[in-house]
Amino acid sequence: MALKERDEFSGQLTTGHEWNGIKELNTPIPRLLWVFLISTTVFALVWTLLMPSWPGINGYFRGLLGVDQQQAVRASLAEAEAERAAWSTRLVSEDFETLAADASIVSLVRQAGPPLFADNCAACHGLKATGNAGYPNIAQAPMMWGDEPDTIAETIRVGINAGHPESRLGQMLAFGRDQMLGGEEISQLADYLMELHGGPVLEAEARAGAETLFADNCAGCHGSDGKGMADTGTPNLTDPFWTYGGDRLTVRQSIYNGRQGTMPAWEGRLSPAQIRLLALYVLDLRGALP
Amino acid sequence: MFGFHYRIERSAMGLVGFIIVVASIGGLIEIAPLFTIDETVETAADMRVYTPLEVAGRNIYIREGCYACHSQMIRTLRDEVDRYGPYSLAVESSYDHPQLWGSKRTGPDLARLGNKYSDAWHVTHLNNPRDLVPESKMPAYRWLLRDALRTDDLSDHLAALRAVGVPYSDEQIANAVQDAYGQANPDSPEAAGTAERYGEATNLRVFDGLPTKLTDMDALVAYLQVLGSLTDAAVRTETAGIE
Amino acid sequence: MVADFTRDERVSALIVLGGLILAGLFMAIAGRNDLLGVHGWMIAAAGLWGFFAMVRGFGLPEPPATRLAEYYDAPTRVGLILTLLWGIVGMGAGFWVAALLAWPDMTFDVAWLSFGRLRPVHTSGVIFGFGGNALIATSFHVLQRTTRARLPDAISPWFVLLGYNLFCVIAASGYLMGLTQSKEYAEPEWYADIWLVVVWVVYFAIYMRTLARRKEPHIYVANWYYMAFILVVAILHIVNNLAVPVSFGSAKSYSLFAGVQDAMTQWWYGHNAVAFFLTAGFLGMMYYYLPKRAGRPIFSYRMSIVSFWGITFMYMWAGSHHLHYTALPHWVQTLGMAFSVVLLVPSWASAGNALLTLNGAWHKVRDDAVLRFMALAAIFYGITTFEGSFMAIRAVNSLSHYTDWTIGHVHAGALGWVAMITFGALYSLVPTMFKRERIYSQKLVELHFWLALTGTLVYVFAMWNSGVIQGLMWRTYDETGTLSYSFIDSLVAMHPYYIARALGGLLFLLGTLTALYNVIMTIRMPAIGAHDPQGDLPAEPALQAGE
């Protein structure tokens, strides 16, 4: 048998083997380890008894507590829904005027609005809702489809040029690409819009030509004063806000290629209460809430 | 016990055999039943397959390693459902070879991304995320818009997917290349075929905004826009529980 | 290398390399319109390079018969260098991806520099490149010393080492080109996977053939672990990589399983890659180098047994803790959690066995940075496994999953345990293997130790903080019953921690660079002819202990 020896330091016997100078003590397993092993095993067994666990071929043991993760989360969602009902039912049943006048609703909007806006809308409109190239500033610019709270809520619900069956549709025609206007005419219109924004002043003759062009082609949608019309969802072309950009080149591109920005529809993804909450939040950013 | 071991450790083959047996038990008991217990994967009659363009997009998603930062698995937790939408069901990834559930969320979950943003937004965002989201940590994928999509082997891809169980028809496999073109160019003659073979609900759009080019961007955006909408099962299950 | 081969082995090598060239050419031609072709050419080039080296050395005299009385250490020497080189590649990539998360504009419009492609270069680089080479190199060394038998031949260890490194190169270069199966830690495509199986079979055969000729009747515990590592990794690798290639001319494949079955298979693999690659293999390493360096007997043979079989059995059940609350059926999650909790016992038993072995040698731990590396590794192993079992509890995982907490846990294990034990083994091995009197500079080892420790602590604490903050921000509700923070809020909160992590990683990387320098300088010192001072007992023993 093995050549056992006693380790001086610990007083334990070795197993008698040696591998290139390495020996092993035959120290018994500390009692603590057994306690540890038994207690964790008992815990594990009890846990598998309580929860769904051991499988068979066509089914599995459902657990004594009858817990199921899908049911559990559905219950907690329903509970959360009930908890939020305190304000969510008010949001959908009362009109905006009443809501905006209620300080508790306003503070709700200020609390719940920012994360909701940041998770869904900020990607396009920016965290402060001031817009990005191609995405309108909805904190300051006049709303193309109207500033009314109900209009805003409706825009959020159905979107603009979105897949929703009731989506708002707004299209800036491609005057150049579709050969409705020539390059020269587009330049004239662009210069005209530049002048409205403090660009170089046009000669009277050029301005008259541009005004006619505008009246003939653009006024139908943007209004004869160019200030936009809510029923066509057109932007005001005379204010300092531009969705796509106000430099002459970008403006020419807008007229040449047309524009058809897509605002997604949020019905289905967000609840009616969330949509109205966001409308209020946008209004608040615009300084429209007390 | 230790005496028994004292014998086992003298036999290499014995050790090998024991290791294999002892190590196989856990996997067998946990994995095999997933194939035999019916309720593991829900049934969803409306489940649709990916179009060839979406398959190509999915492969770009894999190629670029998007899964390293984005999960596609909304867990059964209240905050995840509140933030991202209905929790993910097994059936939703039942045509995903491999699944892309992910293990890290450096960026947000993408399981319900489809239709959340516009195509144009995705193109701008992928081209340089910080143009739209200044805080973003995501790389700028400028090459997606430059590189032409490889389509010549799309039929082989669909055939391989059928070999592992995705129900593509012979016709879908044969017309894969055409259908990819058609989907990204609704004005082309091929588009009608795509709609016919994959259903009217298929997104037929110029995803990358460049009607004359079929780019990697087309494919990736087409894929991103169907995430979470292969079946409505998740929405049905969630609402079923609430009333 | 060629000089160590017999005539027969040289012929076999030429045949194998010829086969490799042919396989490479076949891939290059079949995949000429695909990235597969690039890998084909790389493989053919590697084969050709080997072929020429072999042809050039073909006429060298055969090795003397006296070699059979000595251990065969040349592959271990090369393996140690490769370990360090891959360590620098892998950790360099780790530092770069860490920096990318702090400063994301460093992609410079170059596809292969983007985060998603570099991240697997990091994970595979450190796990397979650094860790795998360390395991192969040390296993050859330990196997011979603890069996008192020479490796069965000269050709198969080289085949394993170089073939394995070819696999690593194919893997890493593939990721850069965008070739990946996307399954974490199993990313290489089908042809690389097949090649790894071939290499692995030979690796296993070396083990069995050497064990069959052993002069020690009992197989030492380190070898149990190395064997479990080889066997179980083979099982995991084969099952998780089952896939159907698009065609023989395509690098792309589709995995056999989909959805929930694929996810479970993947994490059964993923978790046990941790268990049998990053744990069992390195425990094998620890069981040899730590008692050897400390000059103490293993604390308890019985504890070795309990922990070995506990680890082998229980780890295989635990994979589903990566899928808590997901679409994986609840019952699998329960089993994963239950076994993860019990798993702590064998894990702590091995950590405890290591630390208690140091009883009677703590003064050495104080004075010797090499032993200190190994002692610290055992401590981090204990910390990581405790943390792992804790994170496997469903409620905890609901917070930690998807966050940087996981990353903190990973690197407590990866830096604190895997890398530290490797450095300990490496520093003890290098002088012996290269027959140098000592390591070039003990001071540099000391510096490395402190760089590694500081780097690890900075990294891990940064990630624990950011992970917990992230997890809490994602789930915090205010009194209106709505979420308090947006995703972007959490992203902004991570920024300082990402910078801290990059700095911690940089310190760790610098430490690894000092190791490379120190090893190179050691090799450049004059060789000592005689047997090294603290190393091996003679291979031909007078008395067989234990009989």
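Order of writing sets the chain letters: A, B and C. Residues in each chain are counted from 1.
Definition applied: a residue touches a chain if its C-beta (ideal position, glycine included) is under 8 Å from a C-beta of that chain, and two chains touch if they have at least 3 such contacts.
Owing to the predicted nature of the structure, the values given are computational and were not obtained by experimental measurement.
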Which of A-C and A-B has more C-beta pairs touching across its chains: A-C
Relative to chain A, chain with the most remote C-alpha centre: C
Rounded Å distance, chain B centre to chain C centre (Cα mean): 30
Centroid spacing, where centroids are CA-atom means, of chain A and chain C in whole angstrom: 41
Whole-Å separation of chain centres (CA-atom averages), chain A against chain B: 21
Residue list for chain A, restricted to those that touch at least two other chains: 55, 60, 69, 80, 119, 122
Residues of chain C touching at least two other chains: 218, 301-302, 325, 329, 332, 335, 339, 482-483, 487-488
Shared-contact residues (touching 2 or more other chains) in chain B: 29-30, 37, 39, 76-77, 82-83, 87, 108, 133
Residues of chain A defined as touching chain B within the complex: 55-60, 69-78, 80-81, 119-120, 122-124, 132-135, 162-163, 261-264, 269
In the complex, chain A residues that touch chain C: 2-3, 7, 9-10, 14-29, 33, 36-37, 40-41, 43-45, 47-48, 51-55, 60-61, 63, 67-69, 80, 83-84, 87, 108, 111-112, 114-119, 122, 127
Footprint of chain B on chain C - complex, ascending: 33-34, 100-101, 104-105, 107, 109, 111, 114-117, 119-120, 175, 178-184, 208, 211-212, 217-219, 224, 227-228, 231-232, 235, 239, 243-247, 250, 252-266, 268, 301-302, 305, 309, 312-320, 322-329, 332, 335-336, 339, 398, 401-403, 406-407, 474-475, 477, 482-483, 487-488, 491-492, 498
Chain B residues within the chain C interface of the complex: 1-2, 5-6, 9-10, 12-13, 15-16, 19-20, 22-27, 29-31, 34-35, 37, 39-41, 59, 62-69, 71, 73, 75-77, 79, 82-83, 87-108, 129-130, 133, 135-143, 152-153, 156-157, 160-161, 163-166
Contacting residues of chain B [partner chain A, same complex]: 29-30, 33, 36-39, 76-78, 81-83, 85, 87, 108, 112, 115-121, 124-125, 131-133, 237-238, 241-242
